[in-house]
Every structure is written in C-alpha cells, then in structure tokens.
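Heads up, the next two complexes both have chain A, just with different partners, chain B and then chain C.
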Partner chain A sequence: MGSQKLKIRSSLVWSGGTAILFGILVLVLLLMWGLNPTRFLKISNIQSMAFQLPELGLLSFAMMVAMISGGTNLSIISTANLSGIVAALIMQAAQKSGTLAPGIITAYAILAAIAASAIIGLLNGFLIAYIEVPPMLATLGTMIFLNGISVSLTRGYVISGFPEDFLFIGNGLVLGIPMPIILFAAAAALIALLFDYTPYGFELYMLGTNPVATRYAGVNNRKILMKTYLLSGVLCGLAAIIMISRFNSAKSDYGASYLLVTMLAAVLGGVSVYGGSGKVSGIVLSLIILQLLSSGLNLLRANAFFTRVVWGVVLILVMIINRISSYIKDRG
Partner chain B sequence: MSEIFLSMIVSKSFSGVKVLDDVEFNIRRGEIHSLCGENGSGKSTLVKIISGVYQPDSGARIEIDGASVRHLSSIESIHHGIQVIYQDLALFPTLSVAENIAIGQILARGKSLVRKETMRALATRAVNHIGVKLPLDEPVGGLSMADQQLVAICRAFMSDVNLLIMDEPTTALTRKEVNALLNVIKDLQRNGTASLFISHKLDEIFDIAERVTILRDGCKIGTYNPSELDTKRLSFLMTGKNLVYEAVSPVVKKDVPLLQVDGLSKRGNFRDIEFSLERGEVLGITGLLGSGRTELALALFGLNPADTGSIRIEGQKIVIDSVGTAMKSGISYVPENRLLQGLVLRQSVGKNFLLTVHRRLTGRFGLRDSRRQRAEAEKWIHDFEVKTPSIDSVIETLSGGNQQRVVLAKWIATNPKILILDSPTVGIDIAAKSSIYATIHHLASRGMGIILISDEVNELMHTCNRILVMQRGHIKAEFSGDGLTVQDVSSAIVEDNGGDCR
Partner chain C sequence: MGKKMLLVTRTLLIVACAIFMALPLVSVAAQGKKYEIVTVVKITGIPWFNRMEEGVKKAAKDFGVNAYQVGPSDADPAQQVRIIEDLISKGVDAICVTPNDAKSLEPVFERARKQGIVIITHESPDQKGKDYDIELIDNIKFAQHSWDTLVKYMGPSGQYAVFVGSLTVPLHNLWVDEGLKYAKTKYPGLQLVTERIPCGEDQELAKQKTMELIKAYPNLKGIIGFGSLGPTGAAQALKEKGLTKQIAVVGNVMPGQAAAYLKDGSLKQGILWDPANAAYAMTWVAKQLLDKNKLSDGMTIPSVGKVSLSGDIITADVALDITASNAESLGF
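This part shows the complex of A and B:
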C-alpha cells in the first residue's frame, strides 16, 4: 500500500508553509544585504531592528490568538493605547507626589497596564462568549469605546516624561540585546507553550475549526473564548508598555496604522482567516521578513509608503505560491 | 444513432492510490441504470469522470454517440446532454423556485439584464415538461426535501438531456416521495432520457432499474439484470460479505435500573417522558422528524436541559445542565449530524478522536503528553478498524463509515455507562452498518446501556430489546417481544391520534 508514501507526503505538506516562509526570509536577507553590503548587517542596524520588531510583534500575536479561535480582535490598538495611557497617568501622578522610588513607580505602571488590558480582554471575551456578539462587531464596538475613553482621558494630548527605570524596558540593552526583543521572545515562547502543550491550546484550535463539534464533545467553549480574549488583551498591554517606554510618552492615537499590518503579519505567517490554524513560528518568521524589508528599504532611503507597497506585494506573492502548491498537491 | 449512448473504459488514481481500476461501463439510450457500491468503491469518482469534473488517467477510452471523445470537460459533458444532480442539490435557498430553475439558462444567454417574466416563463415550461406542480414564487429554502429535489431536476431539464445522473436522490425522502420521484424518472424515460442513479436503499433499485452495475474497491464486479439479484445477493456482491444482524441478547432486570426518567418535560419540545434503561439493554427510539426524539436525547446530554422532571442514574438523582455534567454522569451522545456536530472536519483523525479524552491524558504540570495521546489515538483507531493512511490524515478525506467509527471511538473511549446514538447509520454503507451493529451488541454485552434513535424500523427491530415510538413530544407506544412486525411499528409512527401533546 502507499500508506508510507502518504505519510511522508503529509509531513511535507505540514512543513510546507514554514519552508516557504523560511525561503523568503533568506531571499529577503540576501537581497537587502546585497543592496546595502556595508550597513545592513552592522550590529547597530540589527539592534535597531530588534528594538522595532517587538511592538508590532506582540500586537500581531494578539491578533493571531483571536484569529485562531475563529474570530478577530479589532480593538488591539485601542487596547494598547488605553493601557499605555493608564500606566502613564499613574506614573505622572506618582512622580508629582515625589514620595515613591522610580523602581516602585515602574512596577506600578507595569501592573496598571497589564490590569487595564486584562479587564478589556475579559470585556471582549464576555461579549463574544456569553452575549454571543460576532467577534468583529464586539471588538469594533470596544475599539471605538476605548478610543473614546483614551481621548477624553488625555484630551488628545501627549503624556510624557517617565522615570529612567521605566524607559529601560523599551530602550535598554542586556548583554547587548535590546530589552524589547527579550520580552518578545519570552512572550513567543510562552504562547508556543500554551498552544502546543496545554489542553487549552488543543481545544482552542479545535474550537476555531468547528465550535459546534467542540460543544457537542463537552468542550467548554465559553471558557476557552474568555481565556483567548484575555490573552489577546494582555499581549496588547505588554505591547503598550514597550511602546510608551520607547516613545517616553503615551497618546490616544499611537500605532493607528498597525491594525491592518498585524493582520498582514498573521496571514503571512500562516494563520487561516477561517480559524483553527497558524503557528507562533510562522508569525515570528513573517515578522522578521517584514522588519528586514522595512529596515533594508529605510537604509536605501526609500520612503515609508514604498515599504508598504513591498509588504503588500510579498503577502500577495505568498498567497499565490500557497495556492499553486496546494493545486499541484491536489493534482497528485 | 447507436443504441449505446455512452461507453467508457477508465482508470483513475489519486496520489498513487487507484480508486478506479480499468472499469468498463456503458449506458444505453433511454435506459434506467443503477450504480451500486459501498462508500469508497469508486461510484462518485466514476460519476465525476462522466460529468467532466475529474479527468481519467491516460489510456482511457470514452465514446459518446459512437464517436470517440479525447477529453471530457464539464462544459463538453453538458453539451452532450449529460446533467448531474448532486446530493446537496446546489440550490440557492433564498431565491425563488422560478429563479432557481431558470438561472442556468439565463447565465448561458449571457445577458446583463434579467426580466422576471422571462424567468417565470422558462421555469413554467420546465415544470410542465417534467409534469410536476411547484410553487414558482416561493423561496426554495422553505420547500420540503422532495420538492427541492424536483426543483433540481427541473433545472437540469432546461436544456436537452440525454443522461440524467442522480447521486443518492432518495436519502432524505419519505417512501411516498420516493415513489413520486421514481414516476418522474419513468416519464422522462419515455421521452428518451437515460437515467443513472446511485442509491444506498436497495428496494428502490429493484422497483425501477433495468440494469445494475456494481463496483467494489474500484473494480467493476459486473452489470446485472435486477431479475438476477435479490437484496441479499446484491449486498453480497457489493461487500463481498453478507449483512448479518446478531441476535439481541435478553436483559436481566435489576432492582435499580441504570437510567430512570420520570415526568421529563421541556416546553415546545417534549412532555411527560417516562422510561427506564437497564444495564446491557438496547432501547430504540423512533418517530417522525419533529417528534421530539432528538430534543429528548439532547436533554439527556445537557445541550437542551429539561424544564421539569427527574433523571436518575443507578438510583442517584442528577441534574444535567451541561455537556460536562452529562459526561461526568457517564452519558455519551453520538450526534445526528456527523459532519457538523460530530466532527471537526478540517482537523486530523487523531485530534478528532482526542477531543473527548485529551484532558485525561496529561503529564507533568497538566501539560499535554503528546506521546501518550498519540499512542492512545493509534490504539483506538486501530481497534475500531478505521481505514485511514495515518492518524494525521484530515478526517474530511475519510468515507462516511470510517468517519462514524472515529466518532464512536471518541465517545466509547470516555467509558460511558449510557451511550446515546442518534441516527448513526445514515449515509453509510452495508459493511459499515454491520460493524456498527456489532459494536452496539458488544458494548451492551459489557453492560453499557444503549439508546438507539433511528428512522429505520428494520434496524431497530434487529438491534433493540425494546422500541419506543414518539409523536408530538410524547411517548406514544412501546414495543417489545418476538411477535413484532415492521408493520406494527411503522403504523404507530405515522398514525396520528390528533391533539397537540405539547
């Protein structure tokens, strides 16, 4: 029988998406290196890429977890901004009173951002799991709601001036490695662990594929969805901490253009828009590709809009390659 | 014009696996031909080659009207007057009957504007041609399955049809509706249209077919006259073995029944349900669609909790308000709709199996123990004789019978005391049915209590110790014993004493 053959084939198919992404990564790397032989692989450029990637990366993870559950999270940017503003307001108040040590203030700020984002995540989860509002509508609602709160809290102005300890999170180096990329790597490892090694992860992928069948199999769909949107929210909070620390300021409309880019990164990384599939490794590869392109083009003094053109082209190309490879596979 | 409309010798392989092996097949003008075979025997593949959806492997020979055809595409197939009505009918539920019938013709004309009157006129002509009555302005979604079938046939007859192919046209129809459909097919025959139909229900084949071609494992077994066949021989030719019902073993009544249901009611669903189930007993529940049988099963499984009444398991009163509590109480449910409720189609065989049991198979820190889970899945898939290339294959690619075996395995692995099976043999072939009956008997002999919900009275009579008939939300009759005939039960199902018991 050809069962052995089929087995090998299916394992190739499984790794097919990752292999294609890895190929593109190497290609982009060589291309950018070729175009900027002296500057592209300098330590300073690599470091600057490692400072830039984590914000978008964590927000993309936030989008990815919602998409795997079969939904989406349109409120990621407004969640991050409001969490950042809450942290900023607390730091501002604490600095004014002048009684607390900068280390303590930093700890409070981190806790405040995470708590705010967790509450928002639970709100999204509640609307989706219990009130059964379609995710796109629920998160569209919270997106506008949160944005409104952010603007009224700040009246649209920038809140700036944070303690040195807090600025270290977004700008510091540990043994030459930027702090943000360390946090990003930790988050990636934690999500990969959750998805691949916990019962929650297993049920999340099954629920994302067919929620009716998981309900009939005794899976507590509501609990899984609550956890998923909680996780999505907290990832936004983490992104917010890095973002306001890097900018040394918080504002209601930072990162407004990131929303669709996170979807781009997720889809490019192999997350299905129909739910139920996508891996952390895929997103990480796709984020690196996007970062290499934008930094490389920046060194060539291409303008930022051209970077977007190239990102779009890469996404479309990957979709075409995926389609063709699955077509070839079907033809046998 | 030759007597033979279509003849072919074809092979077809997918990923190196031969699904059709040098099958020689022909259809005469105006004949009624039946294609029989189990799931996975290659019937659907053969039909898809005739309709041009699949291309056969090289070396195939196809002749239509005596002329050799090198390449058959969907469009060419339609030009030759070949029309296929697939199982799902491919209708537009929100559009009207007239629009559904006329749409192909309208599209073929390539005009950018459509007039309602033209559409209605086209549809009227088709309906008259077939000789049926249909409400032309109603949306198709509101029609019965039988009428929807007729809409699909009318649509097929918008152009000249030499060969009408129907894939399991009668699965969702009642006996009366089947007879009406068969009459339509006979009328078409008088106008020179050949019909090829694929069916699982054996008696229909004898009513109507002039020739029967049987496939098994991608090979043609032969073409027969129905007079040469009877039910037993046909099923033997299809499977290579005989369908055997095992004898029902008697049940020993204990003081405390395994399951005791009293006065169970749910508004608009069912009322005053009272029955008991012993260890090792197989209890059948039947009734028309909407009689409340599935609603009752869902109440026991926590997906449709009852308003009032009591459920006792081994004498212990329990409240079942979620699937979780039902599972904890030892109740499992194999749902009615396998594809939607029973399976996560786009995921693997192994993951589908593990869905109910993976939380029991964890290692340190409550993390998943992949090796143990894999081993467990491999073992159950093997024990249940699921034919699959590997447990990593996407379950969508398996036949209905094999998919159902995975659903059974995932529930039996939870080690339930009570197993509820809702229409477990719908759309699966004889061999797979036999193996499901054998599984039911085996589980009952181990002391499991089984509730089998089914439309097929024959199946219930051969598998169950007792049969309950439900109507309008209550239990109308109970049957058991040796003297029972199919007629007794069937008439109880349809006989209506009137009065709404809800």
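This part shows the complex of A and C:
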C-alpha cells in the first residue's frame, strides 16, 4: 500500500513514464521543426495549436477519470453535444427576448451547460454505481440516448449566433494567449490537485486498482463512482462551452470522431485500461504530442489518414518502450 | 533505477539540443513567390473528392500556383475547422472550402480574412465570411433538367416517385420543390404517387423503398433520385424484379458506380456535375482575387465556361449527363 501511495502522490512530479513521454515530445518537436523550419513554432502556429488542443484535452480528461476508476465513458461526445445544445437553446431564447445583457446571457449559458452535463454525469454514475451496469454498457446506453435527444431537439440542424461575450471563451486572446488553453490549464491544475491532495483522489485510485479491497477498507465505492462520473460529465460540459463558442454554433454531431482519440490520448498518457493508474501530467504531454504531430503534418500537407497512422505508431512505440523499461526495472 | 531514467532523459535532451542547433544550417528558405491556394474538402478518400483533387492538380499546373487539396479523415465539422486553423497559421494565400457545416466555419473564416486570406466556398451559397461562393449548377435549371430527363425516358404522362437524401438536405429538397413546380405547368400528365421518400444516401434502403413502390403502385413508370445512392438502389430493385423496361430511373449517381446499371438499362441516365471543375473554378477565382483582378457577370472561367455573378455568388450551369457511353470515360 505504501508504494501505491507513493506512486499516486507523484502525479505532479517526474517519473519514468513521464520522462519517456517527455523525451518523445522533444523528439517530435524537433522532427516537426526540422521538417517545417520556416513555419513550425511561429507565434501564429503555436496560437493555432493552443486553440485546438483544449476541446480534445478536456474530453480526454473526462475519459481519463472514468478509466482510472476502472471504467470507461463512451458518452463523452454526446454529453458535450447535448450540453452545448442546451446552452445554445438558452442563449437563443434569451437573445430573442432581448432584455438581458450579453454578459448575463453568457453566464446563464455556462451554468446551463455545466448543469446539463452534471445531471448526465450523475445519471451515468447512478447506472454504474447503484444499478451496477458495467460502465461500458451503461455509457453506451446513455451515448445513444443523449444523441437521440440532441437530434430530436435540433432536428439535426445547427443552432447558431451567440453573443460576443460568449464567443470570447473560444476565440479570444488574453495577452496573446488563447482563452481556451487558459481554461484547459486551470482544469488540468484543479484535477491534479483533486487527485493528489484530497481523500477522493486517493480513494479513486484505490477503487480502480482493486474495488473489492477498497470496499473492505471501508470506502463507499458507490459514492466514489458517483463523484467520478459527475466529474467526467462536468468536464464534457466545459469542453462543450469551448467547442460551441469556437464554432459559434451547436449541433448533435460535432466532434463525433473524437471518442476514440480521447482513449488514444489517455492510453498514450499512461492511463491503464485496467484502472488505478494515470496522471494528469501524462495526459497533458500526450495531448501535446498528438497536437504537434497533427499540426506539423498538416503544415507538411500530409494526408489526414497518414496523421492517424503516425498517431497509431507513436502509441505502439510508447507501449513497447514502457514494456522494455519496466522489464529493465524488474531486473535491476 | 531512478538514476538510469535520469540518464536516459539527459541523453535525449543533449541529443535534442544538438539537433536543434544544427537545424537552421540545413533549412534554406528558398521558396518561390507562387500563390499557395488550398482546397479543403469534407472528407478525404471518397470518390467524389478524389475526383475534385484532379481538378486541383490541373489548376496548379495550368495557373502556375501552388495548389493542393487537404481534408479530414472523417466528415466531422470539428476536424475541418482544425485543418483550416492550421492553414491560417501556415499563412496560405487562399482557402477553397466545401463546408461540412456552414455555421461552424464562421469564426475561423473571420480569423482567416483578418489575415488577408481569400476564402472561396462551394455548395454553400449562404456562407458568412466568404469572398465568393461557386455553384456549378443553377439549382432551378438543374431541377428542370432532371424532370426533362425523366420525361425523355418515361414519356410526358404517368405515375412517378421522387427520392431525396434526407428531408433535411436543403439542396435536394429545393430541387424537388422547383421540379414539382415546373412539372405542374410543363408536364400536367405526370402524377407523383407519394411524398418525397428520404432514402437517397443509402443504397439498401433505396432498393427496399423501390420494392415497396412497385408493389403499391403497379403502374409506376418512373423514379427520380437525388442523393448519389438512390438511383443505383432503385436500379438494383428493378433488375431483380425484371422491370427495367417498364420503369425509368434517373438522378444523381457517381459515374463509375453507375456504369454497370446504365449499360444494362436498369438506370437510364445520371445527372450530376463534375467536382473536378468545381475545384478548378475555385482555384481560378482565388487567383484572380489575389491578382486583384475584377470579377464580372458573364466572365468565362477556363474549362467551366461562361458564368453569372450576382452578389458574391458565382453560378455556372454545367450539369453533366451521365449515360452508358460516357460513364466509364469520365473517370470518377
């Protein structure tokens, strides 16, 4: 137990896995820079990457927390889209009535998206913790259910036209730094603190490692699961706010291709598919690696499928390196 | 063990720094002053956009510009936005887009135009944030031509049915509205047996709907299909039922896919436009704008012909008739 605790507490500190990821990041950075010496890592290029990373990043966090608990959350994209649509409908109604200031409409929209995603998160948590449906099936169910609601609310159309204040969240710059990346950094820091310095964080990792032992240790597993899927849902809500602001519109199928990519980011970042391990710093590094690869290859005008090939290769490489390094560890 | 990791990281960092310092020596900024005009498609790797790419390549050669095509691996609006963001940061001269979703591109188009990047769209006449939109068919004429073609094969009177991709595809439904209006005055003998049927993007469904139509309306003489898989599905059903002589099918098809049906007569004629021409025309218009040439009503676009200009929408009327004799030679 002692070593487990040590491991958990190190999520803000360097460790073997993180060092390997960091090494890969540096190599990718140099490779991309070498291939696009005049265009890569210019201010505008860094800014564009900082606009792109957060929506996928927050969704990856949502996937990560579910995976650490030993489950998964297949409903992240549909949660984000439904929360976005709810916020969009509220903004649309408020703008039509014309009595509210744009700042207040924006605040309502944010609250609405967070509230909707929290309710969905609790629903997932309830199904998994109390009805004891396996997470994959429970969230598959809610994924289809939520997507159905989104399509019927919008009839498949786009809801668009938000106030300037709201658009700032996804498109604005603060001292040259894109607003989405600031929100992402804040969320990352909060999750890291939650994992490292609260009883919830400790119990979450315990639950993911061995639910039976955790229960015998006097932990209320159900409560932990409820909190975990609530957190996962709210992260989707945050992603939704950024996404609909960036597109100035909400729709039932935005980001539909992100679901497996969030799993890729989580696994690449060192989250175990069996639960119980994974760190915020690892995910952040893996997201940066994926973003550098995709933007760098776009600059090289590589085929989009080639980017997928490279992502896959990097994942496989990291798995192999991790295996070898743990082999060396075991022997030495 | 910790030391070993540290050593690995340190070595990696040293290697990295060495490459970093050596790179500027290798990179020679030898770039010609060719315009960089990029075509962004809905999705890479499907026949329609492969054909479009041929137009891009031809334009690059003919106009002496650096023109190429990119697109996402899924038809996801979110991915299209990311690609355009990367192009903006790359600093290209013009971006020609076939939007997945017109609304989601508004913020990113605005950012592009702030940097002086020319934006041309295709199949998105109501797009905000564009310089010009190009339509290769005049929607009203296209609809009328479709009905004329049907009459050519089934005669000016009798029962017929209409397929659309779905009830929410604006273009398909516009064609049907216009076509029905036209038929009312020009071909009063035509009798639409039922409401438009949404099955045009699904070959299996189109086949099944055709079977049902044949049962319900034994006197059916014709079918018009919008959506590129409707007519082939209908043709398949007719072939199975041995009714290819009694019922005439016309509509949107991909030539390569339809060739076999056109040859055995289960499909009478395809009506479409050539995506290669669309890309060629977009690149041409982008170059004119970059050269500061004025566009005018009645101007001629190479290989497309005379076009009309109204507001910021350029319209050509180059609907393409696909028959048994040219289906294979069209090359898409």
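In this text, the second predicted complex is superposed on the first by the 315 of 332 C-alpha atoms of A that agree within 3 Å, B and C clash if a C-alpha of one lies under 4 Å from a C-alpha of the other, contacts with A are read in each partner's own complex, and residues count from 1 in each chain.
In this text, a residue touches a chain if its C-beta (ideal position, glycine included) is under 8 Å from a C-beta of that chain, and two chains touch if they have at least 3 such contacts.
Note that this is a predicted model, so its numbers are computed, not measured.
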Greater residue coverage of chain A in the superposed arrangement, chain B or chain C: C
Which of chain B and chain C A:Pro37 touches, first, second, both or neither: second
Partner chain in contact with A:Tyr258 - chain B first, chain C second, else both or neither: second
First, second, both or neither for A:Asn322, with chain B first and chain C second: neither
Contacts of A:Gln95 with chain B and chain C, given as first, second, both or neither: neither
Contacts of A:Ser281 with chain B and chain C, given as first, second, both or neither: neither
Common interface residues of chain A - those touching chain B in one complex and chain C in the other: 332
Chain C residues touching chain A - in the complex, by the definition given at the top: 1, 4-6, 8-9, 12-13, 16, 19-20, 23-24, 26-27, 29, 31, 38, 44-45, 68, 70-74, 76-79, 81-83, 85-91, 101-107, 111, 166, 168
For the chain A and chain B complex, residues of the former touching the latter: 2-3, 5-7, 9-11, 14, 196-199, 201-203, 205-206, 209-210, 212-220, 276-277, 332
Contact set on chain A toward chain C in their complex: 16, 19-20, 22-23, 26-27, 30, 33-34, 37-39, 42, 44-45, 47-49, 51-52, 55, 155-158, 160, 167, 170-171, 243, 246-249, 251, 253-258, 294-295, 298-299, 301, 303-305, 307-308, 325, 328-329, 332
Chain B - residues contacting chain A, complex: 13-17, 303, 323-324, 326-327, 333, 335, 340-347, 351, 354-356, 358-359, 362, 366-368, 370, 389-390, 392-393, 410
